[in-house]
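Per-chain residue numbering starts at 1, and chain names A, B, C and D are given in the order in which the chains are listed.
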């Protein structure tokens, strides 16, 4: 199914990675459209996080191709992939604990990314306005001067999402964004995601089926590094192969 | 450059040079094993490794004096007693240092480096105050000195054979402990996942201490063996530290097999180059090649590819 | 929403710089005789290295155990120039080949090696003092950081470089002066650097250069790059996935540290009057790390105090109790790691600054957590 | 050698003086010609502001007490302190007791320079006994020349230096090398030589002189190999194999420090029994001091070329060895450099008394031609090039770690720090 559809934002084809012979991701292909919210689910060890790692360049693929807006990502460095418009949030929140929320966002601001640029970067009005705007989106406008270390777990997750948003990526990849959140925080996060998806594509890894049903446009089920099933939430839920994998063992 | 020699001479020389390489290999293995256990399994940089070796050498010196004074009849055998005592002394010091210092620093590997460097300075001064600034002469039992004539041209030094046997023995012992004993299982479990190991009831604190102690003990045995081939003085331990670290890093820190492979390749390279070049240039070239390879392949020779 | 950390100097920074300036430019020269002042000048040359280490290690988490290499390269560049100037045909008339440095003559060299030639020019030398260490650092940095070697591995490999360079310098004595180093340096463009007056002038030149480096360091720390370094130290992957080429930042800061060290080395040569491989090896390299650690690995001003204090203690302790010096130094290493991980600057920020601010009733940032104590 | 101006009692300690045990008492008993301070007003004998009072004169001792060189330099410090004590016991110099300020060079050359400056500039010492390695001497040399100090340097060294501010009480290279090579050629019939050394200036320069001498001045002799190892190197099996391959008559070894121990142990272990003298091992870097670390059993049969051995059989030396052991312990050994260090204070004393002044310039002038009959090594004399006329001796190492003297030159060998034809 080699579809050369220029409408796809991301085309993953034949993606394979092996660790000492063990194929964590095996000949995987899938396609993401603009403004789609794709959720990847699957049992533990299915290779979900590895797929994100491969796309964003954190792990080098053994074979295959990942095309983003017709650019081959596999040949690019992580920072180049980011500049191409792909953002990545990690499973455990990774924010700069020693810096304030403001500084966390500022470091992610898409300007001054070269050595010289960073030396001469000035905190001008545009920067401040943009940071304020993002902070409002992620519910942290009152905590700008707080050190990130003092935020709650959920707030750190939001902050990390905010750090991605400020770069305005076209594709956002989120690894378990609601893990460890309270019910109230989950609701707020779902609302946040829905707003985010409005003008970009998102790939989300999630276990919480209720949350998945809440946000997903399409769902991909991974099993042993391969696509087991793909389609709408409803279709996937009724796929006997999926039921077999989740319940059979 | 070979035209001056007959074939049989050349053959003999290459045989002996190969043997020299094997001795150097054994020396490297002995130096590096203790460090590989500590660095590879615990991630701790022990800059005082050389001083733990020298402690073993001083213990050997004291033992030889004791035997000479009290048990001259069995002086030839003192070396074995000395090695056991060296293991105990260095190991005990290792346990103490782990308790007093290292255990507070597990999360700061670069800081252990500085702290153990400080420790090495202190140990040097202690040795100097106790044993004097001069090197001490350790008398070696007669049966260990001299060489075995294999053919009329090839002779192999007995102490070289002894070092090789010892290196093999200790490698096997370490291998057995790491992969066949419950301690080894615990050590490996901790190095994979400390939190989990803790959770399933492994006494991580004690295992760490024991690991550090055993690593230091092995260093002590190495130091004891080195009295046969090198000098015993307060600062002699410093001579070994760079070589030792490079052997371990080059091998791939987490792999004992890698340490042995790297000791083998470095020793052979150095030994071959020493034959064709001046000793100094051989050393520089060996170090440069090792560092060069490490730049291209920073994970070292042997390493498992792991999912992050 | 103006935040204090975005300004180049906070009130506290200004105070810190001012106090240090008063100590270095006024108190020390007035309190010390020419001999002691020269000694402190020598200590200050180590402070260049320590400041570089604060940037690399304290801020960037890159611990180099090979800073002696850069210190030595800078020092050797300067020494080569001075040696050429001292080796006039007239001064070296007794040699078989007059006009070349004495150690070359002893090693049967009959002509100056080509790579010594450019060091006839002071201008070239002044550039080389910075450029040679930087090029070295660049090569090491590109090779290592591009391949994401860091932490302990980086420390050990830089240490190996220190060992290699030492063996090379000693082994190639015809070109380098070997274990003796390059000695008997006399004049700089005809100006005798051995007189007491010259040494005083050099002290102030040295101090001025140090302050220039401190200002550069402060600028870097307070720029976005400075915050990025801290971010990288703690969450390298996050920085990378925020679109930064992490390696290039590490290379930059490593090269900057090397440049500082090179200047320090050159000033060392000028003030002490020779350069030798003992300044290049593993031991001095690690000692330079301890200067930085004692001062506080996060504080650029602390690094200066650290270098002064440790060396002053070394000189005075070894004058009165030579046997105890190693014990003291060893204990210092351990204490600074286990008890005062943030060194003098940490002690100041935790214990002294709060009292001071209580005394003056002012709010001078005493509430800052020790982990990110800025300069002083 | 007939025109010796210095009265024996001034030039050195008598044998009986040591036997008396208490040094203080012997001063008045056995030094009848001791000079009295009041005969030499301080203002007259010290016109340049040195640390000289009406009853004391201060000198400096500058060696490494810590670091890698402490091993070697300890003996020199002990010898210098012994000499100072003996001189004081005889009434001092110009009626003034010697006091000393000891500084630690810490095996670090910049520290040596720093301490030298301190001694000369701050302490104004009248002379300095010190340094061991060439590197430390090179580091302090400009300091001494600039501040016009006087250094007594005890180590045998590579030569190529002749500073007006240094008296070299050890041998320069030719004094140590040439006679020994001739001896091994003439008495042992040695024709082929393998030169080996630690990689730094002294072994390299010495081997260069050895090579020139072998190739240009010894008929039918050749150098079959030359090799250098970094300081501190401990693995010599490769070079031992090379030596086997080349089958030299003589291994000419200038290995130093910890490497020494490794080299000789491995040589023995490789089956090269030095007592069989095939090949002969000839060294210029192993004194009795070093043998203690190497072990007599590993050194037995090797030849060393020095100017002094502890076993030297003359009255001066017997008294010196006894005094040294009385002061520093029975099981101490004395090597070539230790003896040379012992000469320093005595040579300086002789020069000061000859000049009748502590002024550096006058002492320097007076120093030339000073003779010391009481030197443990025998009679020595200061050459105008600031080195000593000394004999060259060859000793054979015994199991107990002492050398048995097997050869000595008939006459004193002239020091020649810039040897023609050897460069």
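Miscellaneous remarks
Convention: contacts are C-beta pairs under 8 Å (C-beta built on N, C-alpha and C of every residue); 3 or more make two chains touch, one makes a residue touch a chain.
It should be emphasised that the depicted structure is a prediction, and the values quoted were computed from it without experimental measurement.
Common neighbours of chain B and chain D (chains touching each): C. When each chain is reduced to the mean of its CA atoms, the one lying nearest the mean of all protein CA atoms is C. With centres taken as mean Cα positions, chain C sits 43 Å from chain A.
For this pair, chain C with chain D, the centres built from the Cα atoms lie 38 Å apart. Chain A and chain B have Cα centroids separated by 48 Å. Put simply, the C-alpha centre of chain A and that of chain D have 76 angstrom between them.
Shared interface positions of chain D, i.e. residues touching 2 or more other chains, are given as 65-66, 199, 228, 230.
Residue positions of chain C with contacts to 2 or more other chains are 167, 170-171, 323, 326. Touching two or more other chains at once are residues 125, 128, 278, 280, 283 of chain B. Interface of chain B with chain C (complex): residues 43, 45, 101, 104-105, 108-115, 117-126, 128-129, 241-242, 245-246, 249, 278, 280-281, 283-284, 287-288, 290-291, 294-296, 298. For chain B in complex with chain D, the residues that touch the partner chain are 5, 9, 13, 16-17, 19-20, 23-24, 27, 125, 128, 133-140, 144-147, 149, 155, 157-160, 226, 228-233, 235-236, 238-239, 270-271, 274-275, 278-280, 282-283. By the touch rule above, chain C contacts chain A in their complex via residues 1, 3, 5-6, 219-220, 223-225, 227-228, 230-231, 234-235, 237-246, 248-249, 252, 369, 371-372. Here chain C touches chain B in the complex through residues 57, 63, 65, 143-144, 147-149, 151-153, 155-157, 159-161, 163-164, 167-168, 170-171, 282, 286, 289-290, 293, 323-324, 326-327, 329-334, 336-338, 341, going by the rule given at the top. Contact residues of chain A toward chain C in the complex are 56, 58, 77-79, 82-83, 87-88, 90, 94-100, 102-103, 106-108, 110, 112-115, 118-121, 123, 128, 144-145, 147, 160, 163, 167.
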